[in-house]
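Chain naming follows the written order as A, B and C, and within any one chain the residues start at number 1.
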Amino acid sequence: MKKKLVAVLMTAAMAVSLAACSGAAETTDNATETPAAEATETPAADTAEEPAAEAEIAQGSEDAISNLIAATEGTVDLTLWCSELESYQNTMKELVDEFKTTYSDVDFNITIGAQSESTCKDEILKDVEAAADVFVFADDQLNELVQAGALQAVTATYTFDPVAANGAGAVNAASLNGVCYAYPLTASNGYFLIYDKSLLSEEDVSSWENLVAACEAQGKKCGFDFANGWYLYGFFSGAGCNCTLAEDGVNNVCDWNGETGLAVAEAVKALCSSDAVISIGDADARAQAKDGDLIAYVDGTWAIEDFQAAYGDNLACVKLPTFDVNGSAVQQGSFAGYKLVGVNSYSKNVGWAMLLAEYITNEASQLKIGANTQEGPANINAASQISSPALSALGAQSAYADLQRVGGNFWTPAGTLGQSLYDGTAEDVQKALDDAVAGITAAAE
Amino acid sequence: MKRFFKALQKYFADFGTAVSKGDIWVKLSLIIMGMGYIGRGQVIKGLIVTALEAGFVLFTKNISWPYISKLNTLGTVQREEVFDPLTMTKTVNDYDNSLLILLMGVLGICVIVAFIFLYIANIKATYRVMLRKKEGKHVNNFREDLRELINDKFHITLLSLPAIGVLFMCVLPIIFMVCIAFTNYDAAHQPPSALFTWVGWKNFLTLIQNKQGSTFGYAFGKILIWTLIWAALATVTTYIGGILLAMLINHQDTKLKKMWRTLFVITIAIPQFVTLLLISKMFGNYGIVNGILQQLHITDFMQEMGWISTSYVPFMTSSGLTHVMIILINIWVGVPYQMLIATGILMNIPSDQLESARIDGANKFQIFWKITMPYMLFITGPSLVTGFIGNINNFNVIYLLTGDYVTTDASLAAANAKDVDLLITWLFKITSESTLKQYYMASVIGIVVFIICATLTLVTYSRMIKGDSEEVFQ
Amino acid sequence: MKAKRVVGSFFRHLLLAILAFIWLIPIVWLFVTSFSTDPGIRTTHFFPEHWTFLNYQKLLFQPDTVANFPAWFKNSMIIGIFTCIISSAFVLMVSYAFSCMRFPARKKLMSFSIILGMFPGVLSMIAIYFVLKMFNLTDSLAGLIVVYSAGSGLGFLICKGFFDTIPASLRESAKIEGASELVVFTRIVIPLSRPMIVYTVINAFLAPWMDFVMAKLMIRSKDPADWTVAIGLYNILQKTLIGQYFSIFCAGGVIVAIPISILFIIMQKFYVEGITGGAVKG
């Protein structure tokens, strides 16, 4: 493959890179405040020169790689963690083999491990030093991985520019405080509505009220995982409530107990009062769908295969429905989800790990992953070549999706709020909200 | 207490005597520990002891001292890395790792303490050898020393290996974790990238206080009560259930005893996590039990009666019902074990006692309460206490059964707890599932659990350990 | 009188049958699900609609990136065997020392050990991990063997209780005849405590098959071939996999149960033999 330079070797150019990487991030001004950025800038300052012409920089990138090849002795051991699903593992194996041929001068020993992206962080944080060199993780873990210093910041790139190549949302998800910490891989880790189109019309799935009415009429069920903060968030964010990381990057700010929040919570509670609405987890939902009871459910691409088996050709996906708040229809929001590839900052072969991460996230690789799995690429060009009902539903939802930036104290209280709204134990909704917000915003020392 | 001080006094007095009254060899062994033996012809023993001493010095000086010296701050140098984009390599400063400092520091101190004991014992031993020689008594040669090790000192041979294992895998980790309770080790202070340090008793206060923004105190009280209720109920139900089942099977009229026993024992043979997860799936909101209840229209009936508000029976997801279910499922899990144990013991009940009771005209219940139960209690009393403690720490049953449970108590949720959590599962969640990873709180809870268990045991056991019951049957 | 006895006996058997039925429901469900053609969890039928051996075939002969059962089984077996040898030896040694020997600080040591065993193990896991790392034993079977067996000496209580019931006169007469403690231990006490040894051995053998928390922490490798049965089966149950692998999980549970069931059936025999041993000491 053609090595295209995007990277930057000098101070000035590097600053540009940092800014570029964070292109769409909300905060670019404090890029230099983070330790990682400082660390990377100090050495470069010594060799500061005028920004070179593009050709020269391209030369520099080639140089860096050939330097690396020259400096590499013996076998390079790398570990790569990605999803345990067979399709993923096989695709990654192909990509790794291609990577080895690309750099055939070097002897690689690359181990591919099976580690679900959703729990990747837990495994890494147990012992960063013994974790994989390159790993695929879900974007919600970025914050904690950065906090633990486990991610090597993407301060320089060598074969292509992830910032330009990938969608702005994905790049944003990979950045924190203006520093890019990971390479976007997929942009399909969010959720949308999956339904059986033989039983529900497009009109039915446009709003929760219609959906519930249609389900009630047929004696069927529609499901949503109310007891999970990840999904519940969509109701509140859709109505304009706010819940996000505070300035310190650890605690949360949340206004769900305000007036709007109260209206949303009442709406959710009203919705749940119907027998046709069930709060159901993802694994149970798939079984219910198979039995034919559940005809609509909010879930992500990872569940498509099972729902396909249940609904057959009648499987349809659509953006989330609207719901009624104080008499007006409000589009339900959601969390946007991305899968990112991170490089362990404790990796012994950090250079090669970065090149591997670049390789498996380049356009061709993303295309391959997209073709072999249910997932949608983060790469703009690759994304345009892959389509599926699920991905178009995600695309439509993306306008209402937020980047997942909530601190650790969000999950349990939010889940509890959802559960108590669903089963009606929250008689005093305002109090339930106050309690939940107190838990969500509780200071983690 | 007084006795303890007296013993301590004697311990050091003996050492003093040995040092002051010892001859040149004893005094030499103050510096080179083996000299006391070498001087009396016990060359091999002397060399071994000296080698130990040298090993200790090397270990402490080269390995553990750098860590011990940083124990007071737990490290000051934060990790800093520099990535050079031109060579694609990075340089990292020589940073401190608080975790390693604490662990190696604790290990180093343990080694030092152990060495001091050995050192004092060694001086006393050389002094004793000197006295023996002076009195013209026989001094063991190396072969005789070895013989001692399978005779009078056989316990040393027996205990040393297990003791080393226990030291490394139990004592060291425990001391380490106790220390963590006094630090601020959490996600924000996680080595190797960040440092943590000592904070004193603050974390213990957090556990008992219920201040703004922290509901640990509330959660702790609630979970502690449920833990104790659970442990008591779980122990008693399985214990009695096991005995009754064993009596049922072992009754003289029961045919095919072995078959019945095997049927129950099969349930133990499948790993607990498999059966427990399976059962939790069966009783899930959309599990097979609810599926069948629905088909039989029992769910509808219950809904009409207003017993449940949902379209399923929330076996494992509602407070109260879940608590009951957990106890019931635990009976399922625990009774076969207890049955096996009880079977073994029941068969050992002195039959003459039963016979004479029967002749005296006692009925079955009287025999059960007056003879069988007291006998069982006598034999299994200790296991009842261990059972209770075991249930306080019964991680598997609770953790595997309550995966789907979502608490509706916001104060509990804020402390990462659920109504059905035990202290032990709570502390596990704090370290493993919460993103804040408040290791220090987990450690505080662990210490509390430990104190509860240790007190209980000491109170109930002291008689059993100190008393002479161990010789009753000998 | 006789009629009453027959009726009593009938009800006794009926009760046993009902209890056994209750106890076996989950086991039967596990068993029948392992033959289901449907890979996910069934929620409406107790018995699968279509039966197949495919799950077993997949599990045993077609290891994939998620399930590598043959390797898991081998690893667990190795760990189980070594753990049970080492820990049984430790338990017997400690029990003998505490029960049959008299030495200073014996009771203090015993109390200390009992209290030590009470510290919640879940808590010290992290520390154990780093201790193992210090010895470079993480990610290896040897490391897990150490974890499972090193602390086993603390579990001496039941075994010591058994040794206490062996008449001291037996040991003393042997010693009068010139036997060393070692000989008394290996030739007299151990042969007498066969039921106890079986109990200890089986308990020690089972631990590695049951534990997933510790094993998951100690084995960092993400290559399924390095896992134990417990890690592997537990891993299958995560959300993304359960829909495709639940029946295979059940098949795995059944296969694991086979060797352990056999062990337990043997153990029963020894419980009965324990009575004969009891007759001697009575």
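Keep in mind that, in the parts below, a contact is a pair of C-beta atoms (placed from the backbone, for glycine too) under 8 Å apart; a residue touches a chain by one contact, two chains touch by 3 or more.
None of the values given here were measured: they were computed from a predicted structure.
Of all chains, the one whose Cα centroid sits at the greatest distance from that of subunit C is A. More contacting C-beta pairs link the chains of B-C than the other of the two pairs B-C and A-B. The geometric centre of subunit A is 40 Å away from that of subunit B, both derived from CA atoms. With centres defined as mean CA coordinates, subunit C is found 18 Å away from subunit B. Along subunit B, residues 286-287, 291 each make contact with two or more other chains. Contact with two or more other chains is made by residues 281, 284, 287-288, 291 of subunit A.
For subunit C, residues that reach two or more other chains under the stated contact definition are 41-44.
Interface residues of subunit C facing subunit B in the complex, by the touch rule stated above, are 5, 8-9, 12-13, 15-16, 19-20, 22-24, 26-27, 29-30, 41-46, 90, 93-94, 96-97, 99, 101, 103, 106-107, 109-111, 113-128, 130-131, 134, 146-147, 149-154, 157-158, 160-161, 164-168, 180-182, 185, 195, 209-210, 212-213, 229-230, 233-234, 237, 249-250, 252-254, 256-257, 260-261, 263-265, 267-268, 271-272, 274-275, 278, 281-282.
Every residue of subunit A that touches subunit C in the complex is listed here, in rising order: 79, 81, 83-86, 89-90, 111, 113-116, 118-119, 123, 126-127, 130-132, 281-284, 286-288, 290-291, 302-303, 305-306. Interface residues of subunit A facing subunit B in the complex, by the touch rule stated above, are 7-9, 14, 35, 39-40, 42-44, 47, 60, 63-65, 67-68, 71, 122, 125, 128-129, 144, 147-150, 152-153, 155-156, 158, 221, 227, 250, 275, 278, 280-281, 284, 287-288, 291, 345-346, 350-352, 354-355, 407-409, 411-413, 415-420, 423-426, 432, 435-436, 438-439, 441-445.
Those residues of subunit B that touch subunit C in the complex are listed here as 99-100, 103-104, 147, 150-152, 154-155, 157-159, 161-163, 165-166, 168-174, 176-177, 245, 248-249, 251, 253-255, 258, 260-275, 277-279, 281-282, 286-288, 290-292, 295, 332, 336, 340, 343-344, 347-348, 350, 382-383, 386, 389, 393, 395-396, 424, 427-428, 431, 439, 442-443, 446, 449-450, 453-454, 457-458, 461, 465-466, 470-474. Note for the complex: subunit B touches subunit A at residues 79-90, 184, 186-188, 190, 192-194, 213-215, 284-287, 291, 309-311, 314, 317-318, 404, 406-414, 416, 432, 434-438.
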